[in-house]
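In what follows, chain A forms one complex with chain B and a second complex with chain C.
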Partner chain A sequence: MAGRLHSFTAVIRNFTRNVSTSKVSGSEIRHVSQASAPLILDEKFDNARNVVAAREAWVETLDANTSEVGMIALHPDVFAVCPRMDIIHENVVWQRKYKMVSKAHTKTKPEVRGGGRKPWPQKGTGRARHSSIRSPLWVGGGVTHGPRAFTTQFYMLPIVTRIHGLTSTLSVKFAQDDLKIVESLQMASDEPGYIEKLCENRQWGPSVLFVDDTDLMPRNITIATDTIQHMNLMPVYGLNVYSMLKHSTLVLTVDAVRRLEERILYHLNRPDLHKENATPFNKQN
Partner chain B sequence: MTTVAGSLMRSLGAVAQGMVQATPVALRGVSQGLAARATPTSATWTPQVTSVRHRYHADKLNRGPLMKNYGFEDRLHTKGLMPHVVHGKRLPIPVYRPKNGWAEKRALFGQNDYIDILGDGSLKPTDVSYSVPYWLRGFKGNEYQMLLRKRKFFHAEMGKYQPTKLTELNKRIRKLYVHLNQKTKDYYWRKA
Partner chain C sequence: MASSAGTEKALSLLRRLPRISLSNLKPNPGAHKNKTRGRGIHGGKTHGAGSKGSGQRQNFMRLGYETGNNPFYLRFPCQSYYKGHHLKLSYIPLCMGKLQMLVDTNRLRTDIPVDLTQLVATGLFSVHPEEKEGGIMLEDDGMDHFQTRMNIEVQWASEAVIAAVERNGGTITTAYYDPVALGAVCKPMALFKRGVAIPKRMLPPQHLIDYYSDPKNRGYLADPDLVAEERFILAQKYGYELPDISSSPDKDMLLERKDPRQIYYGLEPGWVVNMKDKVIIKPTDPVLKEFYAS
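And then the complex of A and B:
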């Protein structure tokens, strides 16, 4: 596996030496202007725990005329994890529930208007004995064990489960060809039709999520995707399992990929992760 | 009197005889042949007998059905199509209005839930859950605990602007305390 990888990169390196004079290393990012030589971002992941080889993906641009600009190596601990469906499910359920506030509310017997007087005497009428018209036995009476307002379902998943949720979902996206790497989110035009046509030509699913390392996205793509509801922009810190599953295609910039890898590997390899794992919110009983 | 009547009768009789002798009358119920045989035939007078055929059934039909219940107005529909009672009324089902699955809040649902992992670590998901009321962020509990938390946050404000509501809150807290600690077993703490 490693030998095959080395030979492939050696071939590409020879090609670049013949074409351009500049030395291309793994960490340097070239500008779009140098379109002649391909962009090779092959990093040697020495800290990888995963036995499988690093994954490789094409690097594209948001330019309708160019197809591929280069190739990037993806860390196996982030993008080549054996996906755990149950962990992905746990993450989605957690995302839905932990912010939920149920405002469903029913009135109990003393809260319902009226019902202070005894409707008829205890004995002599032949009817059942009652003390109030708002008891739970009566129509229009109070509800005994009904929902009470502001019920929350807050809980936190262990940090390891959330990290594995992210890595599993990213691996799934990559394995199913729904992960596209892009050099940057620079676009030639700010027309919504331009990006729609681009996505249609490249068969980038009906809904697309563009992720970059910054909060402030380039002008053209911001204007183009503003009116399109199913194409959304997100910074790296906003990425989450639910959004990745909601949008068919995930488009990451090279900066976003490297940032993701750095953050996830930092958490996976830090020695005090077990302290972070302990939930600070006490469970009752 | 007798003389007048008698004279009248005689005169009428004379007239009748004259009439009979002058024109033979078609007698009811007597056929032509029979009449011809009965009356004496003479060379000069041949009585004309016309027969009558009674069509009792046809006459009855012509008179039409026997009128019964005179003046009674029958308000039933006895023929024709069944009438529509209410035109075009739909069943009481609400009109289906599908939700926009790609509205902004739904398209970007879950954003920043992993900000403590993918960000620099200074922010937690509870710090950025802006959709949750601030006194409920990062909180889970039963109704009693929730009301205690609400009182802790709002007793000053409620005391100034919503005193009745604060009184009701205190009453409810007291009632729940008694219920959970004196009336029920410990496991009801989770449900309450």
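And then the complex of A and C:
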């Protein structure tokens, strides 16, 4: 069955290739200065088990005068999965909760100041019997089952849920046109105004997250985005569901896309997570 | 395999829907159950705490207490036959017939010395040091059909088994692995992943040291000259011609032995094996070197 599907996938790929107008060439990235013909960054995905067609995205630059410089093929198992909203929600909740340390604290009966003496004698006063003015029954008394400081809600979401959270969010971003691919984060100017104007012209949402493969970002973009709170730089290893949803637009470099695909596909096909080699929706077969 | 129609439809729907953000996410219905105290009708009155007693008053009895009668954990007196039970090791049986089958079906290589690592790597044996298992013992069932020349190291072997192995030109050694070393030798990758130095193998405990020092058992602590003598004696006892190892083509492999402190062939204690970068890190500090060499 796998063999037949593989050939079916191959048929679809050939079909889409013949239909597209651009010629399929090698997978080299040409520099911006040499770009005269559009460069096609085509990948041969031998492990694309799904019949979902590979996605293609424009490759842009952070140069205000240049528009698209080419196209890149995106793996469907990373950028075109059926988006699981509940898994995205689980990831966001986990990211919020696992770091949380609740400092809420209440005093119990022995901790509340006072209350050592019996307020009135046991019998004879006609009032209810009490031994302490700080019992939980009293106003101002201790709290029986209240919060006690430094309560942690640490838990680890299963790795599979986290992987699927990433793929679902990336698919959502791509489907809603909030995912932009750039060749690199090299910028002509280090003025904050330059990048703000660029994002405004291209209608890249109010908040933008720039993701690159390295954690040492180019000089100009670092200085330009330093003072802008809603434009942030992030290495690929820091990519997470919460950040992707918090920022309206996600801008990935080509290197980041490659690294991301490699890591996510590795985890999706790991032999020690054998049950999870199936994507969430092909368990029925 | 999934059909893509659902996925494509979902993704194309998203194009027309508002941007997915932190403010429009929600869990699956029924996923989140609010934790509430029992209030009213069947959650109320005693709130799951029962009636009176230490349970309701949150002053619980100690574990094992049976409200006064002689508790289970005190009913049975110390029995003499349990004395030293925590020291007695059990060994996983491997009979000669099965060993021959492993060799015949290429499940076990004989061109390299066979030790616990190789036997566990066949996938047929799981050794649990925490369950007081000592390793693998070689049993004599099927020894008449055993025809392999191999260098094998086990934790226990009877005289007949030793004879069967040596009759075919092989060598057999009995070696002791302390629990930590046993875990290391059976699961080498787990140890390497931890990024710790390969530990030293400890000597056998008092009640086992005699066994492993006896040349009759081919113990790893025995004098090799005495072992050679015993090989000759055993050949005479069982009536076979003792093959000459020094003239065989696998001479070096058959005579390869581990140091009493060594766990893996080719690796010394104190080394750190880094599988990710594919390097071995060795200690340079003289104090460390002396420690691991002792």
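Methods note: the second predicted complex is superposed on the first by the 245 of 285 C-alpha atoms of A that agree within 3 Å, B and C clash if a C-alpha of one lies under 4 Å from a C-alpha of the other, contacts with A are read in each partner's own complex, and residues count from 1 in each chain.
Basically, contacts are C-beta pairs under 8 Å (C-beta built on N, C-alpha and C of every residue); 3 or more make two chains touch, one makes a residue touch a chain.
The model shown is predicted, which means the values in this text are computed figures rather than measured ones.
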{"item": "Which of chain B and chain C A:242 touches, first, second, both or neither", "value": "both"}
{"item": "Partner chain in contact with A:153 - chain B first, chain C second, else both or neither", "value": "first"}
{"item": "First (chain B), second (chain C), both or neither touched by A:232", "value": "first"}
{"item": "Which of chain B and chain C A:90 touches, first, second, both or neither", "value": "second"}
{"item": "Touching partner for A:118 - first (chain B), second (chain C), both, neither", "value": "neither"}
{"item": "First (chain B), second (chain C), both or neither touched by A:176", "value": "second"}
{"item": "Touched partner set for A:270, first chain B, second chain C, both or neither", "value": "neither"}
{"item": "Partner chain in contact with A:82 - chain B first, chain C second, else both or neither", "value": "second"}
{"item": "Intersection of the chain A residues that touch chain B with those that touch chain C", "value": "242, 246, 281, 285"}
{"item": "Chain B partner contacts - residues on chain A that touch it in the complex", "value": "95, 98-99, 101, 145, 148, 150-156, 159, 162-163, 166, 207, 229-230, 232, 234, 236-243, 246, 259-260, 263-264, 267, 281, 284-285"}
{"item": "Residues of chain C that touch chain A when the two form their complex", "value": "1-4, 6-8, 10-12, 14-15, 17, 19-22, 25-28, 31"}
{"item": "Sites on chain B touched by chain A in the complex", "value": "100, 102-104, 107-119, 125, 129, 131-133, 136, 138-143, 145-146, 150, 186, 189-191"}
{"item": "Residues of chain A defined as touching chain C within the complex", "value": "1, 5, 49-53, 80-83, 85-86, 88-90, 92-93, 169, 171-172, 175-178, 205, 242, 245-246, 248, 279, 281-282, 285"}
